[in-house]
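Think of it as A, B, C and D in the order they're written, each chain with its own count starting at 1.
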Amino acid sequence: MKRFIRNGSVEAMLEMEVRGGLVNASISGNQLAPRNHSLSVSEVEPGVYSVLAGTRAMEVRVTKAREGWTVHIAGRQFTIDVVDPREASACGKGFGRQGRQEIVSPMPGKVVRVLVEEGSAVEEGQGLIVVEAMKMQNEMKAPKAGKVLALAARAGASVTAGEVLVTLE
Amino acid sequence: MRPPKFRKVLVANRGEIAVRVIRALRELGIASVAVYSDTDRDSLAVRMANEAVHLGAAASSESYLAIEKIIGAAQRTGAQAIHPGYGFLSENADFAEACERAGIVFIGPPAAAIRKLGSKTAARRLAIAAGAPVVPGVQKPVLDLDDARHIAAEISYPVILKAAAGGGGKGMRRVNTEGELEAGLRDASSEAERSFKSSEVYIEKLVTKPRHIEIQILGDRDGHVIHLGERECSLQRRHQKVVEECPSPVMLACPELRHAMGEAALRVARAAGYYNAGTCEFLVDEHRNFYFLEMNTRLQVEHPVTELVTGLDLVHWQLRIAAGESLALQQEDIHFRGSAIECRVYAEDPEQNYMPSPGKILGLKEPSGPGIRIDSGVYPGWTVPMDYDPLLAKLAVWAEDRPSAIRRMLRAVREYSVTGIQTNLRLFQEILEDTHFDAGLLHTGFLDEMMARRGRGEEQFEMHDIAAIVAAFHVARQQPQRTAPSAERTSLWRSAGRTEVMR
Amino acid sequence: MRPPKFRKVLVANRGEIAVRVIRALRELGIASVAVYSDTDRDSLAVRMANEAVHLGAAASSESYLAIEKIIGAAQRTGAQAIHPGYGFLSENADFAEACERAGIVFIGPPAAAIRKLGSKTAARRLAIAAGAPVVPGVQKPVLDLDDARHIAAEISYPVILKAAAGGGGKGMRRVNTEGELEAGLRDASSEAERSFKSSEVYIEKLVTKPRHIEIQILGDRDGHVIHLGERECSLQRRHQKVVEECPSPVMLACPELRHAMGEAALRVARAAGYYNAGTCEFLVDEHRNFYFLEMNTRLQVEHPVTELVTGLDLVHWQLRIAAGESLALQQEDIHFRGSAIECRVYAEDPEQNYMPSPGKILGLKEPSGPGIRIDSGVYPGWTVPMDYDPLLAKLAVWAEDRPSAIRRMLRAVREYSVTGIQTNLRLFQEILEDTHFDAGLLHTGFLDEMMARRGRGEEQFEMHDIAAIVAAFHVARQQPQRTAPSAERTSLWRSAGRTEVMR
Amino acid sequence: MKRFIRNGSVEAMLEMEVRGGLVNASISGNQLAPRNHSLSVSEVEPGVYSVLAGTRAMEVRVTKAREGWTVHIAGRQFTIDVVDPREASACGKGFGRQGRQEIVSPMPGKVVRVLVEEGSAVEEGQGLIVVEAMKMQNEMKAPKAGKVLALAARAGASVTAGEVLVTLE
């Protein structure tokens, strides 16, 4: 089994063979020799794996992230994307910026104030909208100067994390 | 000891403190009544109480702040007393009076004491009269910008603006120079207005690198008051406590300070006619001068560290005193054993400026074993609502001395796992491993300084590789491989030259 | 205190005690190595250790009793010392010696002391020589039935037969009359042979209604030994402890007894050249006479109650002493605060004569909050193997006095829930609510007597109804109703006239 | 929705209506007037229900038993069978004894000793077979005098709970 792996901004190729509870894997990139690992991997609870690398023991937790997977090991956290090479081309997302910028809510919450109007010009760093959750208010600021193209949220509305609040141009 | 006289008590709160009080009630053989808002129907408190009464919508004004609904719930269920927890109505003198009028015991101090201490300016005057030292400043509300300019210049910058009705860091602004005063005053006033429905703000000298240390007191209706030592609460983010401990490291170096601060706290409590549990908050400067700040007329979030070190159960005592019992303890009966630390587990992301993270808890693994105490209000599968405070649980440890307690807490934090939402658990690991923390060099700016001085640790190949392998393994288990693999195509990533070695 | 000198320690055990020791190692900054049999690959100890080494098949002889495999695992991982836990190799002098030969520190007493105290008859001789009182009886092995008849007649019936190499109630038989002697001797010998590979049995006077009380001792390699008070362990089923507490209720009535028994235990320990942690077991009769029974040359299952009351961490001290540290504590440094109780949570069904109940744990909810300590070796989803002891976890509580500790334990037991397998949790509720237990009238036959005197409580309509409604609701959720219900038929049950009112 | 309920040896008819989180139920037997209940039932964890009867709060845990369901409330345990009346006739199990008796293992474990042989006569209370689990041995005894018809287990064999070990006639 081959998979492309993206760990933050770093990408690599993973070849993996699973036999019983044993996983033999090789990880390779452009600049280094492949690194080989032989791990005993056992799913002890849903999404929780007991991993033995030789005698070294680790507990690894995998949960779905907004994109890819969040992996916890020994208090450290990684965000990892796993892509089947056969599907890789379908995953090539556009990275280009079309000059349009969407301001999304960083958390679920309630819109408490809208500080701009549709069509108004804004400066970089200007406050656009205030979202409140858990007694904490978060002011979304304009990442660059521009014009408010669309205003998706009204004061008092509930929003989810990742929901588009304001579109700037 | 024999259980106190109440047969049934209503808990007018939610989250971990409601669970804490319900546990105490169970231990004393008293029936418990929980109250809940729409979003809290499935809360742990409702699951654990003997009875539960619905209050209304999620908004606190419709539920946990709705005085008449809560008193109605107590009357309907026949509860003889109400425990207000902390926050919500716990420091509301009107509520305490409404309870009394309804013939229900308010488990806390008398309404008159709450009023005397409720405004910081009034509390400050009371403390000065009682002979407790206070931070230089002017104890009357600021009239306008000119007045503020005048006062600030007199006590000299830096100064701090504080909401008179405030608490929890709301309505507070540091002002370093006269140029910052106007904006600071505006922000503090409007935040105070929003949070406490009073824009009243006053000005104090800013004590630099202060420790925030508080003294727990306990008194009965006959005027017998003792103190249970201090809690060091200097580790704060956004003026809210994150890590607390007892003893304070400063007391280890200077044990006389506990006695002096304890006496000051008792003078304030006696002057206010206080009874039940309460806490005097102080700033302690680098020369170990201490200044009374305010008195919290309720149980504190961080009361477990005092319980662990003194062996007393504060909620049991609150109930006994409210039921009319005398406090059978003298000051010399209070012994301090070992060292306790508490970490407040919040649903927030310290990496994103403590962004709140409500949502569904998918997995929860709590530490246990020797010296661990957990006061939690959540369980796996529970959706942490966005409507209230982000406190999920309090993790406290006890050990024979401070270094052992730090290592035990580190062990516990590593055992703790919450998935589905972000928590600040990882931050504790950094704090506990910090050399300044280890040395006990604490002050209220500690956490911001620590965050500023942190560097990214050396990353190891192996951890990254294992994370990647287990993630791929997990994905493969969830989406079983297709039986007929199609011809492999070159990755867009690879062809674009973006495949690099994993660092 | 500073951590001891070991860098890495192997834990030669499984289950909750392996987890307990791993936690102590983490707290002291020492790397941990777990060992595991085939059935324990996914055990909590393996999940928590820094390293894990596979030993072999489930059978203990292939894994947790395989001396060479364990020493090999320590050598392979570079562990400097081995903690044996309790059971398995913990009281095996050959193992202690094998460790020493391999240059690995055995965390326990010297092999010579284990040998001196390993046989109950030898231990008894040592105790007599050291001036500790023993139960009337003959300290040499029974030769044959005639010899047994002679000895039993001399010390008078009832007597008790005990395996010389024994422990944990194996190879023990009560004999009330001469007529029962032959069968008793045969059973005890064969059980001793099976359990300890030695059929050696001896005879003692049976002390009626005895309390089982033990004294914890702690000593260093320089011969400095102190005791940490007693544990009351009278609540037993099949001669195995179920509930333990400190202080013993008898000590509350008679505090001098702690001192007298403590001194006796210290005399035995000194006579044996003992160091590290150990426990002297005594019987205490109704007139508060005490008799030395045996010395357990290892950590006891029930050590947490001593830790909770004295504030000392026994496993930390075991590690320090093994690393060559002096015991910095004097007898007068040991202070007893409050009251602690431990309940052993077993996978067994008390309603079916404590039938073992191995299997998969589907749901697990552990209590928490003030004064609760859980030492568990299991987690939800883990399959409790049939190959080992049924101990799942130890639940211990601390409170300021015995009545408060009982009520807190009752609160904790009610919060505790294990589904998928049977446990003895409900039994604790009965014990804790029993008036004889409340009065502290304990003896080793307590539990059997309590089971005999129990009556079925009055059953309420409502609980039955709610159970039925929720079961039906649960079934309906699992199997969604068919859209087109077929014509209803009369129930066979109903037509057979067996439908009755629910009681 | 109608269901037959068996609670130990007692049987009753349950009529139940579910609306939102509210369950209105009526339980009736032969000898008493129906008892009505209105409960707020919320599944807080899989198989765990928070139940409010008026203001009274209870936590109820339901797990599959070998037959029916085990229900835990406040430290008490009930074993409850729930049968759809439409399927009740299919559930009418034979209660008749045909003189044949099967001795089943009460627990998962290992057979350590077989004390009888096929064809041998046994007396009431005679030991037949010893099963061990968790260091505890359990001797299965003959519930009545008879003859060993079949012996399904050998020494050393692993057995599951409920597995037939010996058949007596």
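Please note the rule applied: a contact is a pair of C-beta atoms (placed from the backbone, for glycine too) under 8 Å apart; a residue touches a chain by one contact, two chains touch by 3 or more.
Predicted model only: the values in this text are computed from it and were never measured.
On a C-alpha centroid basis, what's the spacing between subunit B and subunit C, in Å?
Centre separation, subunit B to subunit C: 39 Å.
Which integer distance in Å separates the CA centroid of subunit A from that of subunit C?
Computed value for the inter-centroid distance: 48 Å.
Take the average of all CA coordinates in subunit C, do the same for subunit D, and state the distance between these two points in whole angstrom.
31
What are the residues of subunit D that contact at least two other chains?
Within subunit D, residues 45-46 contact more than one other chain.
Mind pulling the subunit B residues that touch 2 or more other chains?
48, 379, 414
Is the chain-to-chain touch network here best called a line, a ring, a star, complete, or other?
Its topology fits none of the listed shapes; call it other.
When you check every pair of chains, which ones turn out to touch?
Contact pairs between chains: A-B, A-C, B-C, B-D, C-D.
So in the complex, the part of subunit B that touches subunit C is made up of which residues?
Where subunit B meets subunit C, its residues are 1-3, 19-20, 23-24, 26-29, 48, 304, 307, 311-313, 315-316, 337-338, 365-366, 368-376, 379, 399-401, 403-404, 407-408, 410-411, 414-415.
Using the touch definition up top, name the residues of subunit C that touch subunit D in the complex.
Within the complex, subunit C touches subunit D at residues 238, 347-348, 352, 354-359, 362-363, 386-390, 413-414, 417, 419-420, 425-426, 429, 461-477, 481, 485-494, 497-503.
Could you list, by residue number, the parts of subunit D that touch subunit C in their complex?
Against subunit C, subunit D makes touches at 1-7, 10-14, 16, 18, 23, 25, 27, 29-32, 35, 37, 39, 41, 43, 45-49, 51, 53, 58, 60-63, 68-78, 80, 82-83, 85-86, 88-89, 91-92, 106-110, 133-136, 138, 161.
In their complex, what parts of subunit B are in touch with subunit D?
33-34, 41-42, 46-53, 76-77, 379-382
Along subunit A, where are the residues that touch subunit C in the complex?
21, 40, 42, 44-46, 50, 52, 55-57, 59
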